[in-house]
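Following this line, the structures themselves.
After this come two complexes, each holding chain A, first together with chain B and then together with chain C.
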Partner chain A sequence: MTVFTRVAGVVIATTHKELQIMRRYPVAIAVLLGWSLLLPAAYVAQAVGFSGSDPAALGAFADRAGTRAVTAYLYLGWAVYLWVSLMLWGPGLSLRDEQLRGSFEALFMTPAPRASLLVGGAPAQLVPAMLIFGVVAAMLRFAFGIPLGWLALIGGLAVIAASIPVLLALGALFAVAVLRFRDAEALVSISRGAVGVLCGVTYPIAVLPGWLRPISNALPPTQIIALLRTAVLHPSSLSGQLGRLWLVLGMAVLCGAVALWLFGRALARSRTTGRLGQF
Partner chain B sequence: MRVEVETAVGLIPPVPDAAAAIDLVGLTKVFRKARRAEGTTVTAIEDISLSVRPGEVFGLLGPNGAGKSTTIRIIATLLAPSAGSVRVCGIDALRHPRQARQRIGTVLGGERSVYWKLTGRQNLEYFAALYGLPRRIARERITAVLNRFGLRDAADDYVERYSTGMRQRLVIARALLHEPVVLLLDEPTLGLDPRAAQTLHECIRQLRDSGHAVVLTTHYLEEADALSDRLAIVDHGRLVVQGTAAELKRGLGAVQTMRLRLRATHPDAVDATRDELRQRGTIASTEAADDAIDLVLRSASVDDLVPWAIAVAARHDVTVLKVDVEPVSLRDVFLAVTGRELDR
Partner chain C sequence: MRGTSTQAVLAVVRKNLRTARRYPLGTVNMTLLTPLYEMALPTVLLGAAFLVNGQASGLARFVGSTDLAAWLADGMLVASLTVGVMFAVSSAFASDRDSGALEHVWGSPSRRDVFVLGAAATAVLYSTVANTLLILLAVGLLHARYHATALLAVPAVAVMVVGLVGYGYLAGSAVLASRRTGALLDGVGYVLAALSGVAFPVAVLPSFFQVAAFALPTTWGLDLLRHWGQGTVLLAPLPAELGALTATSLAFLALGRWAFARTERSLHRAGTIYQH
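Take a look at the complex of A and B:
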């Protein structure tokens, strides 16, 4: 059995386990889907309240955002935000839960490859994520009458697939941070705030101060949101975004390598200090 | 207070045993304290050497904080020792932890370490995958361990509905999924009612009989005595003495222990009583208890010493409030080698 098959076996088993638990609590997924519809609707209402359908206001928005489709812009931003939330702090919180429950050491007493434990149940989050994207697409198409052709749907799915590695890697980094600092709530708040403010979820990053824009551009969620909006709203322009796509994939490699290195160090340290199972 | 051990049973020298399932030599663990704490280090265990053979239950007996769990965690590869070596089935567990883990089943922290939101079977399926068992073999093993630990009928119930004893059995079943040679059980009966503990004891004996090397930590003397083929007493991080329970008891040079509670009108009377009692044994301890004195006499005599002891006390105008006589037990061994009772 190769390392790859061992890692794959553990990831599949962990995903299966997480889905078994998830299936017991369908209300949690229903609430998530509700949020993915209601939260952006509030922002759409806010936008309409501020400027109505004034062509000048829409023009100003299009200058900064590259589109006049405010509703689709907000819904897609929020869909990615929720997806990033699931993938980013899902694994970290899951490991933290293992620590608090007392099952964390039981995992590390098995010969399972450590990297597979770090990825943990993140792939299971693809299920609610796909439901979110499906519901949002249906909402845009049937409630707001926004045309979503095959090209837009395929492009959107391609962007989602291409961004999985970087979100897994970021989730692993987050998990390492949770293990190190043993305070998931504070880290979630910081990350949630950073993504909400810096990544262009509800407004174009062009409105940010100049010194903040490079930071915003360096964050993978910013790139994913931009790619998804292009794929869905301007599918014919997606081929012009290859540079951005490579950037996202490169970030995945970099973040993944850093996460693995830090995880190795964190484990070695916890074997010395005896803090692996402590909380 | 530590006392010198007046016993023939000494520390067994650390000879690596090729046939041993576990070989620990000179195991030491020193923790660094938090920066602001006084002192810089805490020695959790020091120079622990022991070996355990397949088909043997080895008890690690000691009070809370003695270093039992630290020893178990090092064998389980969860903790790196500061010095010493650990071999599991001949494998250097410090250099090859993954290979060692494949041969170890560990029960730590009791019944909290299972997923309460999954069924018993789902828990076992998940851990079978973590141990890399092929599906067909995993199914067979899961059925086998569920039957073995009496969980077959509850296999598809959620663990949150299990009793504490059932969860503990599930944890042990999980530890046996990959058929390890070595089984590490850290305080396995903690929190169990007597009946559940008895069932677990039976399980442990069966595991021993089927060839597993079992290391059991406990601070229950009776449990260590009843289950262990050999045992070691750990105190303040040091392995004080090891051997079979019979060897340790024989090492005391006594067959019975008499515990007396005495009350005297003046202290000299107790001293005189104690001096005369020494004619038939050794005084293991003398402690003030409220307005009385508790005295433990160990004797090699097989005679009934109660009438004699009461007569001695009467001669010195001392009242005997209570007297108990029992065969020498591990409690006496612990008192002799550490200078205090296990629960103090």
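Take a look at the complex of A and C:
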């Protein structure tokens, strides 16, 4: 049996387990879908209040954001924020749960390849993520009357697919950080704040101070949000975003390699200190 | 007897402050940083995208002020008070139940209200300190400006806090009655704060939601705070607004106390205080 088939076997088994748990708590999925509609709605109300239907204010937004479709702009930003949340923090928090339950050490005693534990929980998150994107697309199309053609839908799906590797890699990095520092709640809090404030979820990057923009642009969620907005709002110009797409894929390779290296170090450290199961 | 209750409330506040001192990073994160990066900064940045020559000309059409930073800083104060009071009361009961201390606390000779009032007072204290810092940041970094008449709003905010204690009673009652309500109460707190117009003018809401907003003391308290602090246009004539603030605050306090007393009685009957 090759390493690849062993990893694939573990990932399939973990996905099966995670989906079973999700089915056991359908209210959690309903709450998530509710947030995907409610949170952006509050920001849409803010945008209406801040624009005051003033053509000058709306024009200022269009100049900075590259679109006048404020509602779609905000809903797409929040959909990516929730998608990133699921992929980034899901696997790390799942490892933390194993630590708290006392089953983490037992997991390490199994013959499963260790690295597969880092990403095993992530594929199951595609299910709620696709539900979020579906609900948001339906909301934009039927509640706000925003036309979403086939090209926009296919482009959007392509961006989601292309962003999976980098989010898996970031999720693995986060999981390593959880193993190393154990304080998962604080790490979630810090990374959630960074994504919410720096990645242009609710605003165009152009309003950030000049020194912050390069930092924002270096973060994969910023690129994913920009790609998805282009794919859905300006589908014909998606082909001009190939550079950005390659950047996201490159970030996936880099983050994945760093995550694996750090994971090896974290395991070596836990062998010396014997703190694997501590929380 | 009243003196004993006050002492008991102060004892609860002291206990909460002692616990907070033990976890300074968690406390700063919860009271200052989380509201900052989850609400204040994304909202300020969205507002900045609509600025024309540094002025919130669109916002001025609704509220009569172009000072986005001051307008939002006031909103953050009321959001923090609303979510803070509800979270403090509900989490106090939830954590006591999870750690098995709720039965002992319930068995003490203090009135049960003491625990609601103590948690609410702690939340008001934290929110006031954290939001004073936020307002100073808004003044220093974003050039927010306040009129001297802002001090007139202090009594109005005090009356609003009476209504917020009513929110706290309702949150405590919900936790005791339903047990697993953490996520739901987070959502309710967020919706109540949003409906009060903390981050957008109430006028942009559909009429059904406006009716709900006008039933909340936080809507009137925030409107008066902004009127005296920045000279914004009031939602209603001043005497009517003062009357609405007082009536809704007292109504929420009465509703909250009634719900809490009812839950307390039902827990006594069912004997389920320790269950979680």
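We take it that the second predicted complex is superposed on the first by the 279 of 279 C-alpha atoms of A that agree within 3 Å, B and C clash if a C-alpha of one lies under 4 Å from a C-alpha of the other, contacts with A are read in each partner's own complex, and residues count from 1 in each chain.
In this section, a contact is a pair of C-beta atoms (placed from the backbone, for glycine too) under 8 Å apart; a residue touches a chain by one contact, two chains touch by 3 or more.
Please read these numbers as outputs of a predicted model, since none were measured by experiment.
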| Is this a clash or a fit when chain B and chain C both end up on chain A? | fit
| said: Tell me the contact category for A:Val10 with respect to chain B and chain C: first, second, both or neither. | reply: first
| Where does A:Arg101 make contact in the superposed view: on chain B (first), on chain C (second), on both, or on neither? | first
| task | Examine A:Gly274 and indicate which partner it touches, taking first as chain B and second as chain C; both and neither are also allowed. | result | first
| said: Going by the contact rule set out at the top, does A:Gln20 touch chain B (first), chain C (second), both, or neither? | reply: first
| request: Determine, under the contact definition given at the top, whether A:Arg265 touches first (chain B), second (chain C), both, or neither. | output: neither
| request: Considering only touches as defined above, state whether A:Met109 meets chain B (first), chain C (second), both or neither. | output: first
| Given Cα centres, how many degrees, to the nearest 10, is the angle at chain A formed with chain B and chain C? | 90
| Nearest CA pair across chain B and chain C in the overlay: distance in Å? | 15
| remark: Dual-contact residues of chain A (chain B, chain C) none
| For the complex, which residues does chain A have touching chain C? | 31, 34-35, 38, 42-43, 45-54, 56-58, 60-61, 64-65, 186, 189, 192-193, 196-197, 201-204, 206-208
| note | Within the complex, chain A is touched by chain C residues 25-26, 29, 33-34, 37-38, 41-43, 45-52, 56-62, 68, 183, 187, 190-191, 194, 199-201, 203-205
| query | Considering the complex alone, what residue numbers of chain A touch chain B? | reply | 1, 6, 9-10, 12-14, 16-17, 20-21, 24, 101-103, 105-112, 268, 271-274, 276-277
| field | Complex contacts: residues of chain B adjacent to chain A | value | 31-32, 70, 73, 76-80, 98-99, 101-102, 104, 106, 108-110, 112-118, 122, 125-127, 129-132, 174
